[in-house]
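Have a look at these structures, which come just after this line.
In what comes next, chain A is part of two complexes: it sits with chain B in the first one and with chain C in the second one.
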Partner chain A sequence: MEAPPVTMMPVTGGTINMMEYLLQGSVLDHSLESLIHRLRGLCDNMEPETFLDHEMVFLLKGQQASPFVLRARRSMDRTGAPWHLRYLGQPEMGDKNRHALVRNCVDIATSENLTDFLMEMGFRMDHEFVAKGHLFRKGIMKIMVYKIFRILVPGNTDSTEALSLSYLVELSVVAPAGQDMVSDDMRNFAEQLKPLVHLEKIDPKRLM
Partner chain B sequence: MGVTCVSQMPVAEGKSVQQTVELLTRKLEMLGAEKQGTFCVDCETYHTAASTLGSQGQPGKLMYVMHNSEYPLSCFALFENGPCLIADTNFDVLMVKLKGFFQSAKASKIETRGTRYQYCDFLVKVGTVTMGPSARGISVEVEYGPCVVASDCWSLLLEFLQNFLGTHTPGAPTVFGNRHDAVYGPADTMVQYMELFNKIRKQQQVPVAGIR
Partner chain C sequence: MQTFYHALLPRSSLSCGSLEGEVASREEKQLEASLDALLSQAADLKNSLGSFIYKLENEYDRLTWPSVLDSFALLSGQLNTLNKVLKHEKTPLFRNQVIIPLVLSPDRDEDLMRQTEGRVPVFSHEVVPDHLRTKPDPEVEEQEKQLTTDAARIGADAAQKQIQSLNKMCSNLLEKISKEERESESGGLRQNKQTFNPADTNALVAAVAFGKGLSNWRPSGSSGPGQPGQPGAGTILAGASGLQQVQMTGASNQQQSMLSGVQMAQAGQPGKMPSGIKTNIKSASMHPYQR
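Showing the complex of A and B:
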């Protein structure tokens, strides 16, 4: 029998500092079809992909002023898919030369007992929502067009209500820190989506 | 992946850890077991940083973050008697981000390293458990590959263990009891290693003379 490859050291992973570059915008429901049509033309030739996710946002409160936030996401339409745990750092607006919002991010695929585990760690759920929409890719760029649904009865993803009459549009790239050139490609791509949608670097502090 | 039993082998009288490991591996080689490289299981302990204690009033729980060379792309995070999360190795990066809330206990890293042997349907791993620079004990892991239900193959595993370890044969691992007739998984093996490491941590350190 062939010996399986066994490394002496377990691979202790991803010390690389990954950053998410992000541009955001929105379209009204009635413009969705034309945006999807445009994206199909511009993006990589792939089967149209849709998603239906349930996201829960967990907080860990310490003595520090700001709590530690983690996002747990699970697919509702693909059973057996791993859960997705995400850490997002403080967003940085940067200067005019960088065309996208940048934030540190850690993406982790996990087993399905994630919520139990986070509770055991001392995290408490803050809020939850359902996201439903379309996913496109162009090279390393990811474009998500989705609607957010409010969950009416906590924990019950069957009774939901749309939060607004529009779709959120997000263009994002996850790249190692310091690769600000990717924001140029993102701006160029965003230009091609005008005037259907205006993707901008939106400062979340402005909305608070 | 099959059903696995992890146990501790005491150091033979008048022998060092290394000599006892050699005795065991020689026994395997005499049986005709085939050497298949090496293995490593490590475990890092984290405790809730004092900062979170005040606000929640709960006693500091210990969290263990482990790796196993059998699953090189995975990271296992466990609580004693709690859930075991299987994640990819980016979980290690998250622990760095969580530094303000969970701190790794100094010099608590414990690991076992050794040789991996295949003997027919059994996979046997004899390892030296070390904490820092000192050898603290011997781990013996035996996996029976063709079955995933612990209660269906425990007697077979036991027979092999009795032949191999003689009077030091362990009882059925407690994880078997929790999951009667359930499918055995990698997390169950990690729970056994965590229990073994905790047992060894509490034991008296092997006198320096016995390490070599």
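Showing the complex of A and C:
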């Protein structure tokens, strides 16, 4: 008798379930320089990278109570960069030992007609904002320090005003599901930013 | 790491006769890999120490405390990674390795110069005792022996009592210091040095997570079924809601109902939605695919 094939399941394609591990904090404007300085020392040695992104959040309201949320992001300072479509699931709560917020994450690069496509599919834009800041990397960890700008006239990304006097600091890792030691590494890194920024897992449902 | 003047012998191979060929080569590979990692970590550490010293010596009049703290944080981070590399499970026990010099010569060696960045020009009788030593100086060794005999002489119970009293004194001192700091005027200075605001953190996280505070935010309970929102049309302008209510009373046909549907979304905020217009909107936009 022949040996059965390596996988008994039908091969249907699909992707590995990726999870995003997230820690967030903020830093006031006047302490931004110290934070950037420290991050430049701690993180991988690369040219300091700044970004200016416009993010739009689309909702699809179905029969279920909770709408389906997709985030579309485009770069305003890099011409020719693809648009970025992202799905973020509900955060997995409950495990007190896990030091970071964990949620399912699907990232796709798309062409420029993303908004038209989403509109035709029935999505409606819920809100949008402009994010401007700095990007650092350390191994698989990504650290973003950015300021959120509210868009005053819908669709016009030139008329913006800052949402607050602070920069949002996010430490995130996108890794396959089940790798919980990633959150330990993130916590160790967060310790090194301690007196300047307090990075912690913040449950967005608490802030509704 | 090349071994030319000295040999790195695993202690185990001195005692037992022959090792399995593959086990030995696997261990060798592990050894080489971990030595490479250690070497790169040590080089990074050396570089950051060098730059810190340079900063202290040359820029001491312009130096600020955050900059010094950054250098310290960098050094501590690198020491951490160095420790992690040493503790890594794939690192063999270096304690089991012995380094013995094979050839000593008073001639200048260019290869060695290159490898040590010009610090060690000659592998000779003067250099080897310093670089390959594993025991401390005789005086230091004497002092250490003295200390260990003293410690052994005291006895376990007395030692424990001394440890406890030391801990208690330290915690008392810490409490006194923190109380003093809180009450003194430097507490007022601390306000200036606050580098983050937790309320801001919450506001920013809420903005990114579900758009709180951004122009198109609607509270989750109030949205009606299938609103025909044009892109970006959901701006809530508090002053204009009165105007929109006036327009709503005249709405009857499809076109106008689409428009007032959008405005109704805004006026829906305070919860006043006339039902006639609502049914219009329902029929117009319930099924976005069936036009």
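Here, the second predicted complex is superposed on the first by the 193 of 208 C-alpha atoms of A that agree within 3 Å, B and C clash if a C-alpha of one lies under 4 Å from a C-alpha of the other, contacts with A are read in each partner's own complex, and residues count from 1 in each chain.
Please note the rule applied: a contact is a pair of C-beta atoms (placed from the backbone, for glycine too) under 8 Å apart; a residue touches a chain by one contact, two chains touch by 3 or more.
Predicted model only: the values in this text are computed from it and were never measured.
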If we overlay the two complexes on their shared chain A, which of chain B and chain C does A:Thr110 touch? Say first, second, both or neither. first
First, second, both or neither for A:Gln64, with chain B first and chain C second: first
Have a look at where A:Leu85 lands relative to chain B and chain C in the superposition and call it first, second, both or neither. first
A:Ser166 contacts which: chain B (first), chain C (second), both, neither? second
Name the contact category of A:Gln24: first (chain B only), second (chain C only), both, or neither. second
Now for A:Gly122: first (chain B), second (chain C), both, or neither, which partner does it touch? both
On chain A, which stretch or stretches are contacted by chain B in one complex as well as by chain C in the other? 61, 122
Residues of chain B touching chain A in the complex: 34, 36-42, 48-49, 51-52, 54-56, 58, 61, 63, 67-70, 72-73, 75, 77, 79, 82-94, 97-98, 100-102, 113, 116, 118, 187
Would you pull the chain A residues touching chain B in the complex into a rising list? 1, 3-15, 60-64, 68, 85, 87, 89, 106-111, 113-114, 116-117, 120-122
Interface residues, chain A side, partner chain C - complex: 24-28, 31, 34-35, 37-38, 41-42, 57, 61, 115, 119, 122, 124-129, 148, 150-152, 154-155, 163-166, 168, 188, 192, 195-198, 202, 204, 207-208
Over in the complex, which chain C residues touch chain A? Could you list them? 48, 66-67, 69-71, 73-74, 76-77, 80, 194-198, 200-218, 220, 223, 225-227, 229, 231-235, 288-289
